[in-house]
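Note that the chains are named A, B, C and D in the order they appear, and that numbering of residues resets to 1 at the start of each chain.
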Amino acid sequence: MTRVAIQGATGYTALELMRILLRHPEVEITAITSRSERGHVTSVHPSLAQRLDLSFESLTAEQLGERSDVCFCCLPHVASMESVPQLLAAGMKVIDLSADYRLSDPGVYEQWYGHVHTDPTRLGSTVYGLPELFGDRIPGEELIANPGCYTSTSILALAPLLSAGLIEPTGIIIDAKSGVSGAGRSPKVNLLYAECNESIHAYGVGTHRHQPEIEQVLSDASGQTVDVIFTPHLVPMDRGILATVYAKPTSVASEGDLLTAMQEFYADKPFVRVVEHLPRTKDVAYTNYCDITVRMSKDRAIVIAVLDNMIKGAAGVAVQNFNLICRYDETTALL
Amino acid sequence: MTRVAIQGATGYTALELMRILLRHPEVEITAITSRSERGHVTSVHPSLAQRLDLSFESLTAEQLGERSDVCFCCLPHVASMESVPQLLAAGMKVIDLSADYRLSDPGVYEQWYGHVHTDPTRLGSTVYGLPELFGDRIPGEELIANPGCYTSTSILALAPLLSAGLIEPTGIIIDAKSGVSGAGRSPKVNLLYAECNESIHAYGVGTHRHQPEIEQVLSDASGQTVDVIFTPHLVPMDRGILATVYAKPTSVASEGDLLTAMQEFYADKPFVRVVEHLPRTKDVAYTNYCDITVRMSKDRAIVIAVLDNMIKGAAGVAVQNFNLICRYDETTALL
Amino acid sequence: MTRVAIQGATGYTALELMRILLRHPEVEITAITSRSERGHVTSVHPSLAQRLDLSFESLTAEQLGERSDVCFCCLPHVASMESVPQLLAAGMKVIDLSADYRLSDPGVYEQWYGHVHTDPTRLGSTVYGLPELFGDRIPGEELIANPGCYTSTSILALAPLLSAGLIEPTGIIIDAKSGVSGAGRSPKVNLLYAECNESIHAYGVGTHRHQPEIEQVLSDASGQTVDVIFTPHLVPMDRGILATVYAKPTSVASEGDLLTAMQEFYADKPFVRVVEHLPRTKDVAYTNYCDITVRMSKDRAIVIAVLDNMIKGAAGVAVQNFNLICRYDETTALL
Amino acid sequence: MTRVAIQGATGYTALELMRILLRHPEVEITAITSRSERGHVTSVHPSLAQRLDLSFESLTAEQLGERSDVCFCCLPHVASMESVPQLLAAGMKVIDLSADYRLSDPGVYEQWYGHVHTDPTRLGSTVYGLPELFGDRIPGEELIANPGCYTSTSILALAPLLSAGLIEPTGIIIDAKSGVSGAGRSPKVNLLYAECNESIHAYGVGTHRHQPEIEQVLSDASGQTVDVIFTPHLVPMDRGILATVYAKPTSVASEGDLLTAMQEFYADKPFVRVVEHLPRTKDVAYTNYCDITVRMSKDRAIVIAVLDNMIKGAAGVAVQNFNLICRYDETTALL
């Protein structure tokens, strides 16, 4: 049995995390923290009635460390890099769901997030928690940087073909579409129902922070400099990300060749399903699966990947990482 | 040509009003005000690009009066009753879309809105702007209290049968369902897309401020004390209200009798359509129509009414009132 | 380990059933049938890729009986009463998700479904599978009539207050709102996205087949003749039912009294949560919970209940019944 | 006054057309036809109650010609090319909303639509009804090929930069997203609410029939061979298309240069608005506007265009064409 704490537990990702962990036979949730809320967990998350009998608390890292073995840190960026060193010092293993430990270069972090990184020495060494690529490095780690939702979708779409040298590493276009839950639970006019419903729009064109994250991880994974154009869109649905990725094959390759390369790459990965049909976000909703396929159109390979941004894109992969660092079966609580 | 100003023009109702007025051949919009915004109207309402070349201003009633003949007041309640006397003093006719002049009794106002009414003498004398009931009193008025959206739906459903003495005035149940735009453009967590989508819930059970408004107007219109239970629900859609109303017939009456009474009541009303099928909010979306029908089930009459809360429930009826006070054809810009 | 077959496995309820059963540690799905489909289960349900490796088959009851111990019958009504006797004769236990065995009187069945019941002797004796009311009669049964979705919501809302004699058994109004998945997977114009989205409407007013089912079960459960008016509405969302129920207290009772009666009634029931807030369908989405509360408004008790029509309203309660007849823990695979 | 008939009037485009034409001061709708329906128009389109008092009829071209001056042909492709020559022979002007007269090469038509074109001589000579490009050729024409919805969005996005030689004509990627109404009113499982809602997916990758239409028109308009990859997606909303278009600038060009070229191109076009913000489909919903902007990201120009697929993408542009051929003001009934 592993005692688990969740820091910053009022958001959607934390809620999803609690739902999954409540199904985990080896987990006891022992503490949930919030900077603003003090009531019972059900005051914010009524869906947890009779499921979890905890109240939000304000706890120091030391107090958290006394009560728990692993901490899922769901704080926003900046707040996270202030907390994580303390959590580690208090003896916990940490899965950080913010962006603070994903980039390996403090300069790149500062450029995209507008803050000096206060824990730069850990940047290069922290494992990026995408188990399909770095699964063998995760077991036993103290700190895992849980990936972004757009990032996971894009990387899972591109890694096999890049690693096999089947597509050019530059000029890649990622046109991504996400449900609204990915934007979080902050009261902003542009996230109101009456603004988002019956509408689609692009945002952050050329400026979204997941772009450097995608480039870094794909470059690392494939041993070459990968360069992408990333365009996110907001779609009127709760959950789901679909990435439509356009890349140039390095030489003549059939759709079948590309599909085979993808199938081989993910042969022993339980949560990526290479399919022949065009996948829908609905097919993976409320699951930890990422469904992927590829088409050839004229001289382009078009890779299409879907996942549930709250699960495989956030809370699910966090539990997958948890299972790996704690050496539980990778799929526990996730099927 | 009538010069028109809109006070409090950043919200959804004001946007809808501008869209309709831009189609009105006898209207020129001359001023839009806001307490917080100063930019071009398109900075808040991009859909008005190349349609309206005005910026939000902070204007006194006098300044508004110099530029315009009629003012649509879209301020929130309390703010409205501070502004309306000044607008009238500045020589404008006023259509007030807030709740401040709808109730005739200052004590009832204070009880439900928690504020002392500062313009109580106008309460009893202001005409309630539901043209299907009070259309003959509206032409030439200086001030019109534009009705609430739930209120219009409920009153239009009940007035014919109550006026004809065909249903009991007490024990009436109004189960109403509304799209989210009715809640306005304020950044509140409970109005976020990710909260409202894929969900329905009741709210304000027994405490919604439209309940006394419905009772007052139906009592006035039918000459008896009408008593209703009103339960609103929030439905995942932009627009539309559906009211399902349960009432007891006063004597044996067939569905046909009730339908005939409704048809007669609305025979010369251009915007209420008595239909035989069960109407959908979609049938009246983006129109100024209210569609109504009735069914008998066991010993109950079930009246069902639908309208677009932003149009017939707010901006459309406001223009209908405007047409009447200015003696334009009632349907101008509304078909 | 129990071997399970699903008859009529192409619909939404069957899909949900498979998803739940795949999490059940004591279940092996051994056969899925269809009258029209012959492909792999993923050809119809792509979300089951790598989860279930079965193809749709056309199998006799005997063949099903050789492969399985329990059959979930997901056929439409009429087809179901033709199949169920054969399934029982082949030695299986059967959970029937159609309406064919829910009503106890063949005459009432014929009146509402327009077909003579061909297996009338089983009608009176088949247990109605609502475990919160009839849980002690279910263990060991051969055949269970799984309840309708509107029915479960309505009955769970009303049973405690009726059983305690706190509300009048007549004049009850049930205003119910459902997501679209409840209408099934048939290609009908009125179920198209472009028809249902951004719209709400009532249907089957006074004629919906769940009305006699609600009356029968509530009469049985409370020992008095219960009479309801039931009005269903279609709401633009995938899942969820909300019932708003209006009833007259038999004597002066506070909201607290009614709430207490409900809490006592469901004290040891794992899947009904009596809450103090107004529940949303979102709070119970993708769970087997039914959340209930009550309000007093003037002289009426207003009970509000929500559940996920696909789970607690269909597939989840079917597995709950399965657990009971097979004497597994009632909550297995359902938390 | 122009007498207008609508052939094939049961679909969504025809409904939208009727709504717009009912606002047109110079139009009388004199006939609506259907191959299957015979009832009053409100039996299929309840939103037209008290708006249009016509019933669906089966009429020959001659009969239509006796009653009307202009026919909007809303038949499906193939049916349309059978009807159009007869309509023309009966003396009417025709606006054909099908794909039958859009492609100029009968061979290309046969390749993409799988039918031999039976009216090939008209293919080359029929004007493609995109008024922003071919507006000077439309007045006085007998037959107009009304453009596809994806096509209009894509062409309006690309024409200015291609015509100005600012982007390469090859390697263009069009990633398009559409609401569900574009798929029509046919009862198909994949168009059910429960299939489309809460989901996004790509379809017709590399095989969608709007791809050759886009290429042909852009090649014609810019005098060079244009080659695009077109990927459509289905988005859970009623209306709206957003196209995100990726192209390579021919030389160093700033965002401002590209924006200026677009503004100049559309300077005198009333229905294309070149904007600086990222447009949302909601901004143009229920209007005949197309909103467009451009961004530079690394070495790519990203053009984003939105329109309402039912209006600017179908019925609205049809009325715009109607206004032009009848020499009414281009914007009549469309603002």
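Everything that follows uses one rule, which is that a residue touches a chain if its C-beta (ideal position, glycine included) is under 8 Å from a C-beta of that chain, and two chains touch if they have at least 3 such contacts.
Worth saying up front: this structure is predicted, and the values here are computed from it rather than measured.
Contact count check for A-C and A-D (C-beta pairs in contact): higher for A-D. Ranked by distance of CA centroids from chain B, the top chain is A. Rounded to whole angstrom, the centroid-to-centroid distance between chain C and chain D, based on C-alpha atoms, equals 45 Å. Inter-chain spacing, taken between the CA centroids of chain A and chain C, is 36 Å. The centroid of the Cα atoms in chain A and the matching centroid in chain D are 39 Å apart. Multi-chain contact residues of chain B (touching two or more other chains): 195, 197-198, 236-238, 279-280, 282, 285.
The touching residues of chain C, when paired with chain D in their complex, are 12, 180-181, 183, 185, 187-189, 191-198, 236-238.
Taken together, the chain C residues at the contact with chain B in this complex read 173, 175, 177, 179, 195, 197-203, 205-206, 227, 229, 231, 233, 235-240, 242, 244, 246, 278-282, 285, 295-298, 300, 302, 304, 306. Put simply, chain D touches chain B in their complex at residues 22-23, 46-47, 49-51, 198, 273, 275, 277, 279-280, 282-287, 289, 291, 335.
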